[in-house]
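Below is one structure, written out as C-alpha cells; comments come after it.
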Amino acid sequence: MSNDTITVDQLTDWLTRFRDLVTEQVSYLTELDSAIGDADHGSNMTRGMGAVVEKIHASPAGTVDELFKGAGMTLVTSVGGASGPLYGTFFLRIGTTAGPRTSLDAPGLAAALRAGLGGVVARGKAEAGDKTMFDVLSPALAAFDAAVDVSSDLSTAAHAAYFAAQTGRDATRALLARKGRASYLGERSIGHIDPGAASTALLFQALVETLGEE
Amino acid sequence: MSNDTITVDQLTDWLTRFRDLVTEQVSYLTELDSAIGDADHGSNMTRGMGAVVEKIHASPAGTVDELFKGAGMTLVTSVGGASGPLYGTFFLRIGTTAGPRTSLDAPGLAAALRAGLGGVVARGKAEAGDKTMFDVLSPALAAFDAAVDVSSDLSTAAHAAYFAAQTGRDATRALLARKGRASYLGERSIGHIDPGAASTALLFQALVETLGEE
Amino acid sequence: MKVNQEVPDMKKLINFPETVLADSLAGVAAAHPGLRVDHANRIIYRATPKAAGKVALLSGGGTGHEPLHGGFVGEGMLDAACAGAIFTSPTPDQMLEATKVVDRGAGVLHIVKNYTGDVMNFEIGAELAAAETGITVAVVVVNDDVAVEDSSFTAGRRGVGTTVLLEKIVGAAAEEGRDLEAVAAVARQVNESGRSMGVALTSCTVPSAGKPTFELPEDEMEIGVGIHGEPGRRRVPLAGAAEVARQLVEPILADMDFTGAPTIVMLNGLGGTPLIELYVMYAEVAKLLDAAGITVARSLVGNYITALDMAGCSVTVLRADEDLIRLWDAPVSTTGMRWGI
Amino acid sequence: MKVNQEVPDMKKLINFPETVLADSLAGVAAAHPGLRVDHANRIIYRATPKAAGKVALLSGGGTGHEPLHGGFVGEGMLDAACAGAIFTSPTPDQMLEATKVVDRGAGVLHIVKNYTGDVMNFEIGAELAAAETGITVAVVVVNDDVAVEDSSFTAGRRGVGTTVLLEKIVGAAAEEGRDLEAVAAVARQVNESGRSMGVALTSCTVPSAGKPTFELPEDEMEIGVGIHGEPGRRRVPLAGAAEVARQLVEPILADMDFTGAPTIVMLNGLGGTPLIELYVMYAEVAKLLDAAGITVARSLVGNYITALDMAGCSVTVLRADEDLIRLWDAPVSTTGMRWGI
C-alpha cells in the first residue's frame, strides 16, 4: 500500500482515531491535569473530538480544507479552556494551508502541520521549554520534516514524528512550567508530564495507526 | 466515719467530683450524643459544671440552698441546650427544698433530690421509658428512698442509687426515644445509651465517691 | 484539643473549638457596621433600633446555622438574635437581656425552633421577662420538619427551613406596625403553612467533638436530617439529583395541600454544598412542584439555615396568600437576605 | 461514570457529570425571573436590558465559581455572563452572541480573568465581533493573585477575587452612563488596585474527574491556591485561623501599599467552607489590616467566587478612592450581591 499521499478519508480516519485515543485515555489525561492543572484536559479533549467526529459523520468532508476548518471550528466552539483555541487554531491553519485538495503528499502535510504549529504559537505565545503541547509539536514536526527530506513515505515520517513526540512528551516532566495553568505552581510543576503534551503525542500515535506499518 | 449527714462542704465535693467525672468522660458523653443527638452533651456538661465549680471556688456557699441555687442558676445561664435547664432546674429545686441548712440527713437529701426530679419533669415532661435522664433519675431516687427507709446511712443509699442509676442508664439502650433530639430518629434511636442518662449516672457515681465506703 | 498552639485538629478555619462562637461574633462585628454585637451576652442587635411603638422580633438558637439567626437581624426582619454555643440553645439570661433591649413598647415576639433545649430556655427567658419586666412576650414555636412524625407524646417536629421564611414575613408585618397579637398570628399562620425536608450527603463536624458526628459510606446518604448533624430518619443509597428531589418533595406534598395558592419555595444548602448543586436541585424540585400543579410565586436558593459544614440540602414549601406574598416582597436589609433597600 | 441510571459516583447533588452545567442553568432560570437564560448558548442575561446608550458589561468563565459570574448579572453589575464547562473557559461563539445581544449602542466591556484559556477564547470572541459586527469591544484582564509571580515570560497572575469587586464597581460606572473608555479605565484602575491570596484546606472534586483533584493530608493545607482546584504554591502544616490569616494577608500587603486610602476587603469562601468560619477568618484579617494601619471602608464576607466544593477561603484587598467607594455603594440587584434596590 502506497503511503506517498494521504486522502481526505484517511485524514478523517486520523481524526477519528485521535478521538478514540483521547476517549480511551480520558482518565490518564485528566490525571495529568489534576497534578498540575484543573483536572479537565481529558474531558475537554473528549468533548471536543467527540463533537468533531460527530460533525464529520453528519456531513463528511470532500476536501482537506473543509475537513480541518470544520474540525478546527468545532473545537473552538465546543471545548473552551486553553486546549480549545490551541487545537482549534492548529487544525484551522492546517485547513487553510492545505486548501481545497482531496489528498496531501508528505511535503504537503508537513507544510500544513507547520502552519498549524504557527497558529498555536500565534495564539499561545509558547516557546520551547515552557512545558506545553509546543514541546511535543515542535520536535515532532522537526522529525517529520527531516524524514520527508529523505523519503516520500508518510508512514516513515509519521513514525519519526511519533517517536519525537513521545520523547518530547516525556521531557516535559523535568520542565518548570512557564505557560498555562501549570505555571501557577512554580517549582511544583516539575516532575509531572504536561497534559497537553500527552494529548499531542496521542495525535501522532493516531497518525501512525492510521497510516499503518512503514 | 459517720455518714448520717452530708455537709455543705461534702455537697460541694459532690459537685466538684461530678465536674471531674463529666470532664474525664467528655468524649464518651459526646460520642453517645453523636449517635442519637448533636454531639454536644459532653461539652455542654463540661462547660456547665466547670462554670459551677469555678463559681463555688470564687465564693464558697455557706448553706445547702445557697450552694444548689447557685449551681442551678449557673447551669441555666451557662449551658443552654436541653441539659442546661434540666440539670439547672434539678439543682435549683434541690436548693429551695433543702433551704438554708448547713447539712442534710438522709431523709432530707432524699426529699431534696425528689423535688429536683419534680423540677426536671415539670420542665421536660418526660415519662418513664422516654429514653432520657428521667430513666436514670427516677429509679435511682426510688432506690435511694428505699435504702433510706431501712438505714440512716447516706453511703448505703448512694450506693443503692448508683447501682439503680447504672441499670437505668444501660436500660435506655433498648428504648425508643420519645423526648429530646433522639426522638427524631424514631426506630434508629434504639440500641444506643441516652447521653443524659449516662451523665446522670455519673452524678450518682460522684455521690458515692464523695461519701466513701459504707 | 491542642490548647497551647493555634492548630486545629480538623479541617476548619478556626482558632480553638472553645472560641469559635466568640471569634465569629468578632468577625460579624468587624464586617457589619449595621449590626451591634453584645459580646458578653452573645447577642446581635440592629445598630439602629426600629421606631418606638413597633413590635420587636427576637430569635436565637445554637450557633452553626449561619446566616440564621444573626444574619437575619436588620430592617424588615429580626431586631436581635441570641447566639448559643454550637448546636446548643442560648440561655434564658440572654433572652431576658435581648427582650429588654429590643422592646419598643409594643411587645416582643420570640421565634423559637422546636427543640427541647430551645423551647425550655426561651420559656425560662419569657418567665424571667414576665417576672422582672412589664414587657409582653408572645412566642411562636416553629415545627415544620416532615421527616419527624407529629405527636403529642414526643418532642414533635423540628423547626427548620420555615424559620427563615417566617422571620422575613413576620419581620415585615412588625415593620408595618401591626400589633403583637396580629404579628403573632402571622407567625402562626406561616408556621402552619410551611413544610420542610432535608438530606445529608455527609455529616458535619462539631468543633468540640473534633470528628464527624456520623460516618456515612461513600455510596449512601441520610434522608430526613435536621440541622444539627443528627442522623436522619433512614440511610438510603446515594442517588441523582432528580431522585433526591423526589425523596424530599414527596413527603412534603403528602403532608399538606399546596395547590390553589401561591407558594414560596426555598432550596437551602446545609453549609458544605456549593451553589451550583443547589441550582441543580432547584431545577428538579421546580419540575416536581410544577407537575403537582403547585404555583411557585417566589423562591430562594442558597445557604440560609445550615448545619456547619454538612453537605446536603433541604426543601421548604410555604403555602402563602396575597398578604404573605406582599410581606415577603417588602424591603429587607440584613446580611443574609436583602432587597428593596 | 454511570450513564444509565442517575446515580452519581461522588457525594454531589447532581444527575450526571455531563449535565451539571445545563441542569444548573435550568435551576437558575427557574429560580430567577429577573434573569433570562439562553440554554443553547449557555448565556445568562438580564431579563430587562439596560437603557440604550449605556455601556454593556460581559463576563464569563468556567462553571464552578458560583455565584460568579451568572450571579452577578443584573442592574448595576453585568449585562450577561457566558458559562463554560466546569473550570473551562466558554467558547468564542458564546462571547460573540452575548456581545451582540447586550450592546446598547455604546460598546461592550469584556471582563476576562487571566487564564490562558479565558484570554484566548475571549480574544477570538472579540476578533469575531470585530469582523462580524460594528460593536466596539474593550477588554480588561483581571490578574490580582499575589500567589503567582508576575512575569512577562509566563502566563502571569491569575484573576481571582478582585473580579467580584470589579464587576460591582465597573457595573455602577456603566450604569451611570460613563462611556466605554471611561468604564474601561475604571476597570483597569480596579484591577491594578486589587490583590488576592487564597488557601485550601481540601481539594475540590471536578464532577467529570470523579475524585478530588489533589489529596491533602489531614494536617496540611495548600497556600496560594486559585479557584480551579489546582494545587497551590506550597503545602504547609494546618494552622489556626490567626496564622492562616497572616499567611494570606502578608503577601498581599507586601505586594502593594494599602495605607492612606479607603479599602474594600473581601473575605471569600471557596465553596465548601461554612459562613461561620469565614467570619472567624474575617475577624483575624480585620485585626491584621488594622495593625498595618489600613482603613477598611467596606467589606464583604461570604461565598462570591468559589471552586466547587473546595474548603478554604481567599482574601482580597482593594485600594479604593472616593469615586470607587461611591460606585461600590451604588444600587445593585443581582442574585449574588444586592443592595439599594
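A, B, C and D label the chains in the order they appear, each numbered from 1.
By definition in this document, a contact is a pair of C-beta atoms (placed from the backbone, for glycine too) under 8 Å apart; a residue touches a chain by one contact, two chains touch by 3 or more.
Composition by chain, UniProt nomenclature: A, B = Dihydroxyacetone kinase subunit L.
Since we're looking at a predicted model, the values are computed, not measured.
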Practice task
Work out which chains are contact partners of both subunit B and subunit D.
Solution key: C
Problem - Centroid-based (C-alpha) most distant chain relative to subunit D - result: B
Exercise for the section: Take the average of all CA coordinates in subunit A, do the same for subunit C, and state the distance between these two points in whole angstrom. Expected result: 54
Exercise for the section: Determine the centre-to-centre distance between subunit C and subunit D, using the mean Cα coordinates as centres, and give it in whole Å. Expected result: 28
Fill in the blank from the handout: Separation of the C-alpha centres, subunit B versus subunit C, in whole Å, is 32
Practice task
Mind pulling the residue numbers of subunit C that touch at least two other chains?
Solution key: none
Handout entry: Junction residues of subunit A - those touching two or more other chains
Key = none
Problem - Contacting chain pairs - touch in the sense defined above - result: A-D, B-C, C-D
Problem - Residue ranges of subunit A in contact with subunit D within the complex - result: 30, 34-40, 42-44, 47, 76-86, 123-124, 178-181, 183-186, 188
Problem - subunit B partner contacts - residues on subunit C that touch it in the complex - result: 17, 62, 84-93, 115-117, 120-121, 123-124, 145, 147-149, 153-155, 158, 206, 208-209, 213-214, 226, 228-231, 233-234
Practice task
Quick one: which bits of subunit C touch subunit D in the complex? Just the residue numbers, please.
Solution key: 5-8, 11-16, 20, 23-28, 30-31, 63-64, 66-67, 71, 201-202, 218, 221, 237-244, 267, 271-284, 286, 299-301, 303, 306, 308-309, 311-313, 333, 338-341
